[in-house]
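Structure first, commentary second.
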Amino acid sequence: MKMLTHMDKPGEECGIFGVYGHPEASNITYLGLYALQHRGQESCGIVSSDMNHLHAHKSMGLVADAFSEDVLKDLRGPSAIGHVRYSTTGDTSVNNAQPFVVEYSMGEIAIAHNGNLVNAGILRDELEAYGSIFQSGMDTETIIHLMATSREGSLINRLTYALGRVRGAYSLLLLTEKGMIAARDPNGFRPLALGRLKDAWIVASETCAFDLIEAEYIRDIEPGELLFIDNNGLESRKPFEEAPYTPCIFEFIYFARPDSKIFDGANVYTIRKNLGRELARECHVDADVVIAVPDSGVPAAVGYAEQSGIQLQVGLIRNHYVGRTFIEPKETIRHFGVKIKLNAISDVIKGKKVVVVDDSLVRGTTSRKIIKMIRNAGASEVHMRISSPPTICSCFYGIDTPTKKELIASSHTVDEISRFITSDSLGYLSVDGLYRAVESAGVDFCDACFTGVYPLELPENVIQPQLRLFSGL
Amino acid sequence: MKMLTHMDKPGEECGIFGVYGHPEASNITYLGLYALQHRGQESCGIVSSDMNHLHAHKSMGLVADAFSEDVLKDLRGPSAIGHVRYSTTGDTSVNNAQPFVVEYSMGEIAIAHNGNLVNAGILRDELEAYGSIFQSGMDTETIIHLMATSREGSLINRLTYALGRVRGAYSLLLLTEKGMIAARDPNGFRPLALGRLKDAWIVASETCAFDLIEAEYIRDIEPGELLFIDNNGLESRKPFEEAPYTPCIFEFIYFARPDSKIFDGANVYTIRKNLGRELARECHVDADVVIAVPDSGVPAAVGYAEQSGIQLQVGLIRNHYVGRTFIEPKETIRHFGVKIKLNAISDVIKGKKVVVVDDSLVRGTTSRKIIKMIRNAGASEVHMRISSPPTICSCFYGIDTPTKKELIASSHTVDEISRFITSDSLGYLSVDGLYRAVESAGVDFCDACFTGVYPLELPENVIQPQLRLFSGL
Amino acid sequence: MKMLTHMDKPGEECGIFGVYGHPEASNITYLGLYALQHRGQESCGIVSSDMNHLHAHKSMGLVADAFSEDVLKDLRGPSAIGHVRYSTTGDTSVNNAQPFVVEYSMGEIAIAHNGNLVNAGILRDELEAYGSIFQSGMDTETIIHLMATSREGSLINRLTYALGRVRGAYSLLLLTEKGMIAARDPNGFRPLALGRLKDAWIVASETCAFDLIEAEYIRDIEPGELLFIDNNGLESRKPFEEAPYTPCIFEFIYFARPDSKIFDGANVYTIRKNLGRELARECHVDADVVIAVPDSGVPAAVGYAEQSGIQLQVGLIRNHYVGRTFIEPKETIRHFGVKIKLNAISDVIKGKKVVVVDDSLVRGTTSRKIIKMIRNAGASEVHMRISSPPTICSCFYGIDTPTKKELIASSHTVDEISRFITSDSLGYLSVDGLYRAVESAGVDFCDACFTGVYPLELPENVIQPQLRLFSGL
Amino acid sequence: MKMLTHMDKPGEECGIFGVYGHPEASNITYLGLYALQHRGQESCGIVSSDMNHLHAHKSMGLVADAFSEDVLKDLRGPSAIGHVRYSTTGDTSVNNAQPFVVEYSMGEIAIAHNGNLVNAGILRDELEAYGSIFQSGMDTETIIHLMATSREGSLINRLTYALGRVRGAYSLLLLTEKGMIAARDPNGFRPLALGRLKDAWIVASETCAFDLIEAEYIRDIEPGELLFIDNNGLESRKPFEEAPYTPCIFEFIYFARPDSKIFDGANVYTIRKNLGRELARECHVDADVVIAVPDSGVPAAVGYAEQSGIQLQVGLIRNHYVGRTFIEPKETIRHFGVKIKLNAISDVIKGKKVVVVDDSLVRGTTSRKIIKMIRNAGASEVHMRISSPPTICSCFYGIDTPTKKELIASSHTVDEISRFITSDSLGYLSVDGLYRAVESAGVDFCDACFTGVYPLELPENVIQPQLRLFSGL
C-alpha cells in the first residue's frame, strides 16, 4: 500500500451501469460493464444489494477476467451497480477501484462515478480538518464524506447537500440497501441513460450496454437531475440551479462506442462519419487511397472516402492480443511503439498517395510512428487528416488528456506539427466543421480541449498552472 | 492431470517462430509469437539454447500474459523457437503446449509443429508396443520418438528417418543445443518463411512476424525441404520424393493475417479483397449498403463494395475485450451467443437492404444470430454473402474444422441453408471463383474442405468415419 | 468484500513489534513478528517509515509466507511497526489486518494494537453520528478516528485525548513519518517490553522477539505510559489517573511463549512448571506415567512429574504440518478432531495408569477426544490434570475465549466435567495454587476468566449478556 | 523447465501410501500422506483409479496446502496411491514429484517409490540408447521404462523383469486401472506395512498413517515380496533370490515418527529412548540438567535423564512456524542459522552444567550454533551427547546424507569434533550400544552410514568416489 496523495491531475475515464429490480442483477451488471469496457480497462467492480446488505467485488483488470461464476453468485439481490475505470495517475491500486463502498451512520452505501470533481482537493482538506479520514485518492470519496458529515436527516437531503457542494462533472450511481440513485451534474458533461428491461430499471453510460442485455432506451438522466429508484418506483428531483447544458464533444469524437446513442439519442458512428465528410470538404487532397488508423479512425475514414470519392482500403492491421502485461523487450530491441499494435499492408500502400485518417492528435509521437510505418511500406505521399480540431487544452471533466504542456498543438502551428510527424500534409477539422458535423445532436457542447473555454469555473489550484501555460502562448 | 488418450480428431491450429544467432533470441521470439497470436490463443511456449543447454517456458494463455521479463531473462542464449496453439480437442493442459522438449540419447531437443500428422495414431501404437512411453497426446511427439528409436548415427539422418515415416502436414522447427532445423512436408500444406535480421536467421509461419521485428523476408522454406542452421550457416536437404505442392487455400480465406505474405509472397489482404470482388460478380444483389462481419469479413466486404458499387459501411461493431474467462451468465439471461462479440448499428441499417459479407459459413448458427441482430436493427432485407465455397469436409492437415456431420453444407443445399439462417438470399463464392481470386498466387492448392479431394491419402482409421459420412451425400 | 458489522464479540489475539532507528527496520520487524507468530497466525502486516512517507504490506497467513525479499525491500526506512493477528470473529478479511494505516489532517499514521477496547462500539456509534466513516470492523480504528476528530493541536495531545476516551486493554504501537509511540493501558493487561539493539529502540509483546534479533531487554512499557520515540530520543508521559496493575494471568498459563520473560521479567516456562508442581501437590494420584498434551502442556507436565516422582514420558505425538488449508474430508471419514494433530504411543501407555497434563480446559470436547485416544492406546486409567482453575467467564481484554455459555465449567461441576470427558479423575489447579505458582512474578493479576471479577468495568451492552448468564449459575 | 541431468547424488527421502477398495480412496490417501508428511515436505501427489482411468494431482509443498476439496473430488475411484518427497538435489520441479504416471502399451500406470536405485544411471543410459525418452530425473522412472520395453506378456512378469534388473532400495506402490501392487526390495531397506480398514487394503511406509485413519496393522510387506491386490484379493510372490534382511537403522534413530511401529512392529519411541539410556551408560557426565534438541532429540533425552538420574528440563524452544518461504534477511542481519528455529530458556540453563541430547551430528555446524546459544543463555558447562555413532559414510539407499567429504566424523576424531562444536565434552553412542538399544527389534540392520559396510554392492561410478575417500582415512 502506497500512501495516498491528493489528486493533482485529472486522469480518469470511467463507465457506470446499474440495475434495479431484476432477479439476476449482478449478472446483468456484469454484461453491462462488459459492453462498457472501452470506457476503462484498468479496474472494475460490482456492488449488489439483497435489500438488507450490500455485497461487493472489485478487481484490477478486465471485467471478463475479474468475475467468476462463484463471485457473481455471491453478489446476491435484485439491484446492483458497477464501474469500469481507467487512470493514468499511476495509482493502480484496487483501493481506488469503484464502486466505493462504506458503512456510515445511515447504513451501507456504494457509489460509482464517471467524471471529475474540480474542487475535490479543497473539500478534502476541509473535511480532513474536521476529522474525516479518507480511504482512497478518489475525488468520488468526497461525496460520501459530505453525505456522512451532513446534518440533514434524510438520505435525499444529505445527497442534495453533498452534490450542492461539489463542482465538476459527475454521472453518478449510488446504491443503498433499499434503493438506487442516478445523478448527473447540471452541465451534463458525461452521458447517462435510463433504460427498461421487463420490470427492471437500467442506468448506463451508453446505450450499447442496453443493446447487449436487450433493454429498451427510455431517456437520458437529465442534467442536474437526481433520480431515486426504489420499490415505490421513480422519483425525480432537480434541486440545483439550472446551468448551460454542455455535454462533452469528445465523447462523439473518440470516447463513446460507435454503436451507442448518447446525449439524447445521437448515434456516435453517424456523427463520426460526418466528421470525416466535413474533414474531406475542408482538407481535400489528391490521393490514391484513404486508410484509417484502426479502430477509432475507421468511421471518419469511411466518411472521408465517401465525400472525397477516393477509394477506402484496409492499410493498417491492428493486433488486438495485447494482453494485460505486454513487455516491451529491453536492450537492443527498442522503441517498437505502435508496431506492437499496428502493421501496414504494403500491397495496399506501395507507390500510392495515401490519406491517413485518425480521430485526434495529442502528442504527435504516435502519428509520427504511423507515418514512418506507412512510408516504409512504400507510400509515395502520406497525408494525415484528423477528424477533430487541434487539441490545445487539458480536460478537467473526465477525459484523460495529458497536461497542456504535453499537447503538441498547444504550442505548435499545424505546419510545425506536420513537420514533426513527417507528413506531406496535415489537415485538422475546424471548430466550425466540428459543429456542422455534430449539429444533428442539436445541443451546445463543452469543447474546452479545442478552445480553452471551460464552461465551469476551475478552482485556483487547478486553473493556475493552466494560466501560466496560457501566458506562454 | 487427465490421462492421455489417442488423438481422435485433428483440432489444432498453430503458429511457429524461430531465431538463430541473435543476442536476444528469446525476446525476438516473444515478439514473433505475439505477431502470430491469431494462429493460436490457448497456449504458448519458448525454448532457447545457450549452446550447452535448452531452457523452456510454456504456459496456457496469451503470449503477452505468459511471459514476464524475468521469465524471458531465464531463456538464455542466441537461439530460440516458439509456438502458439489452439485446440478444440478439450485437451487444455499445459502438457500439450509446445515446443515439446526432451532429453534423449543424443542430448536435448525441442520441437514446434504446425500441421497435423494423419498416421500419428498408428505410429504411436507401434512405438508403444516396442516400449516407448508418450508424455502427451500430441501427434508431434511421435516425431521425437521416431528419432529416439532410430538406429541412425547422426541427428540429420535420424530426423530424415522420422519424417520419412510420418504422413501429413508439418511445418516444423527443431532446436538442439547447437543448431536449429526448419522442415516442411513435401505437400507444403502450411506456410513457413525464412527471414534475416542482421546476422540472425529467422523462421516464421507468416511474414507479419518479420514486419514486427523488422526482419527481411528471404524465401519460403520449400516443400519437402529440411533446412539445418548452425554456426556454419545453412544446409538444405530434400531427402524425400517430390509431391504435388498443395498449400492450404483456407490460409488465404480466413486463417492468416491480412498483412502477411504467404506461399511465395502472395498478400493475404489482396487475395481476400479479390475473393470479395469475385463474389460480387457471381452473386450480385440490389442493395443499399454492404457491411462486413468483423474482423475477418472486412477485406472481402471492401472488395464486394468496390466491385458492386454499393456503399460500404460499418454496420457491426466488435467488442475485443473478451478476456480469458468470459462467463455467459446462466438462468434467465440465456443465449447471448454472438451478442457478446458483435452489436449492430441501427442508424446504418434501419430500413436498408443490407449485404453482409463473411469469410465462411460452418455450422450456420452464428450467421443465423447475426442475421437476427441485423433484422432487429431494422434492416428491410438481409443478403448473406460468403467469400468461399460451401464447406463440406473436415480438414486433416491442421485447420480446426468441426466433423463433417456438423458442417451444414455437407448435408444441405444453399437454399436450405439460407432458410436456416433466415437470410433473404445466400450466396457462396464458387470453386472456380475461388481459383480466379487466388490465381495471382500461381500455385495449386489443397481445397479438400470445399471439394472432399484430399491430396494426401488418409489412413483407414481416419478416413473411415469420413467415408461413412460420404455415403450419406 | 463483506460489509462491516459492529464487533459483538471480543475474539482477537495479537502480537506487536516495533523498531526505531535501524537501517534494516523492516527486516528486523519481519524477524520480530516471526518470533511472535504464536500470538496470531491469521494475518500479519508491517508498516515502515522512510521519514517522509509510510510504506505498508499486509497479508492473510503466516509471516514467513506473507513477505518476500522484494516486499521487504519496498518497506523502506529506519523505523517500522508490525502486527500478527488471530481472530475467531469470522472476519478473515485482509481489511482487518493490522497495522491500520491512514492519512488524516496531521499526515500519515499507522497503528498496531494488542488487546480489546470494551467501549469501542459506543464510541463508533458516536463518531459515525458526527460523520466519521470506518474502514474496518476493528476496535483499533476508533483510536485513529478519535485522534482525527480531536481539536487538540499536537499529535501527543490528540493521542492523549483519544486514549483518555477508550476503555479496555491496549498495548499499542503507532508510527508516523517522524516517530514511533508505544502505549500501554493503565491496568497493563497485555505485556509490552522495551529493548535496545545497538542504536535502535525495539518494542515487542514478548522478549522472545528480542532473543531472535539479539536485542537487549531494557524494561517494560509501564501501565499507563505513553512513550514517544524520535530522533531526539525517548519521552515518557503518564497522563492518565493511576489504576491497579492487573496483567493477564492467562499469558503465563497458555498464551506467551515459554522462553519469554513478561510482566517485569518473569520467565513463562518456570512459572508454567510451577503450575505443574502446585497441581501435583493439590491433585495427586497414584499413577505409572505422566504425559503432556503437546506442546502447551509440556512445562506443567515436567513440573508435575518432578513433584510427584512419577516418570515423565512422551505419550502423545503432535503433527505440526497442519498447513493453511487442511481439509477434514467429508462423508464417511468424519470427526477426526484432534487425531489430525495428535497421536498416542501405545508402547508408552498400554496397561498403564496415565496422568495427562494440559494447560486449560475450555469446552471439554478436545479433552474428551484425547482421553478416548489414550484409552484406545491401552491405558488402564486416565487421570486428567489441568494446570489452571476452571475457566468460567469470557475474556474481554484480548484473549480469545468462547462465550460464557460455551465454557463447560461455567455451568458444570468438576465431577460432571470428568464424566463428560470420560476421565477416571479430573483435577484442576485451585485459584490459591495458581497464585502460589505465580508469586515469583510479585504482582496482582487479572483472573477474570477464573473468578468473574473484571478489574475494569464493562459497558452495559457488553456486560449484560454476562449478567444473565451469571444469574443462571 | 530446466533440462534434466542424470542423478549424481542420492538425495531423496520419501513416504508412500496406498489404498485399494475404499469408496473414498483419495480422501483416505490424503490423510495417510498427511500422517507421513515428516518423510518429505517438498512435493506430494495422489493418483486414483476409477477402474477405467487414472486421475492425478501433484504439487510442490505440503499435503495440507496442495489438495483442496475440489481436487480430491476429481480424484475419483476406489483405489489410490500417494507420495511425499524431500530432495536436496536442488531439483525442486513438480516434474519430479511422484507418483509418476504414464500411459504405455499396457495402459495407464502410476508408481510411487521410497528408496534409491544404485544402478539407475547405468540403466537409463542403456534404455536411452535403445530409444527410451525420460520425462524426469527420477531413478523411479527407470522401472517404468524397463516395464515398457520388457518383452514379457503380463504386467506381473514385466514388473518382475524390471525389478530383477534394478539394484538398490525400494519400497514401491504401483497403481493400474484394475489393481494395486506393493513391492519391497530383497534387503528390505525401507519400511512398508500392510493394513486393513474395513474391506479395504492399506499400504503405508509407517503405521502412524494407519492410526490416523483407524486402520489395523496386519503385517509388513516382506523383503523381496511383490504383493498384487485387486478385486480377487491378495496374491503374494517372491520371485527374487533371497538376500540378507538389512533394514535401515537410521529410521529408528531419526527418520521415522516416534509413534510408528516399523520393521515388524518395533516402536520407534521406545527404541529411541533406549538409545538415550545406552548413551547415558556409555557417556555419563556429572551435570545439573538434561535438555533435548527438539523435536527429534526428545525421546533419547528422556531415556538419558531416566538412566542418569539427572533432571530433564525444556531448555530449547522450537518455533514451528517456519512457513514455506522463510527469508533469512540479508546484509547486516546475518547468520541466524538455528536461531530461526530454536531459542534457549536462560532460567533453565543459567549457571548450570547442561547435557544436550541430539539424535545425530552431521556437519557439526548446527551443534556449534546450538552450543553457542546455550552458553549465551548462561550455562557453566555444555556436554553434547549424540544418540547414535559418528556418521562417517553417505547413504545410497534413500536417506538424504551429505557427501562423505561433508561428514565431519569421516575425517575428524571425537576430540577434534568436540573442539569444533565448542562443547566441554562430546559423547557418541557406540555401534555396540546402538545394537543393544535396538535388539528388541530382533533383526540385522544396514548401518553403512556408521560403518561403511554397504550390504548391497554399489556400481563403480557410485562407489569410486567413496573409495578414494576411504583411502584418505
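Order of writing sets the chain letters: A, B, C and D. Residues in each chain are counted from 1.
The criterion applied here is as follows: contacts are C-beta pairs under 8 Å (C-beta built on N, C-alpha and C of every residue); 3 or more make two chains touch, one makes a residue touch a chain.
Only a predicted model underlies this, so the values are computations on that prediction, with no experimental measurement involved.
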Neighbouring chains shared between chain A and chain D, ordered by label: B, C
Identified repeat of the C-D interface (over half of residue pairs identical), from A-B, B-D or A-C: A-B
Of all other chains, the one whose Cα centre sits farthest from chain B: C
Chain pair with the higher count of C-beta pairs in contact (A-B, A-C): A-B
Where chain B and chain C are represented by their mean Cα positions, the distance between them in whole Å: 62
Chain A-chain C separation of Cα centroids, rounded to whole Å: 51
Inter-chain centre distance, chain A versus chain B - centres from mean C-alpha coordinates, in Å: 37
Interface hub residues of chain D, defined as touching at least two other chains: none
Touch relationships between chains, expressed as pairs: A-B, A-C, B-D, C-D
Contact footprint of chain B on chain D as seen in their complex: 1-4, 53-58, 101-105, 108, 128-135, 144-145, 148-150
Residue ranges of chain B touching chain A (in the complex, touch as defined): 23-24, 27-28, 30-31, 34-35, 37-38, 41, 62-65, 67-69, 72, 208, 211-213, 257-259, 261, 267, 269-270, 298-299, 302, 306, 311-314, 317, 319-327, 329-333, 336, 339-340, 343-348
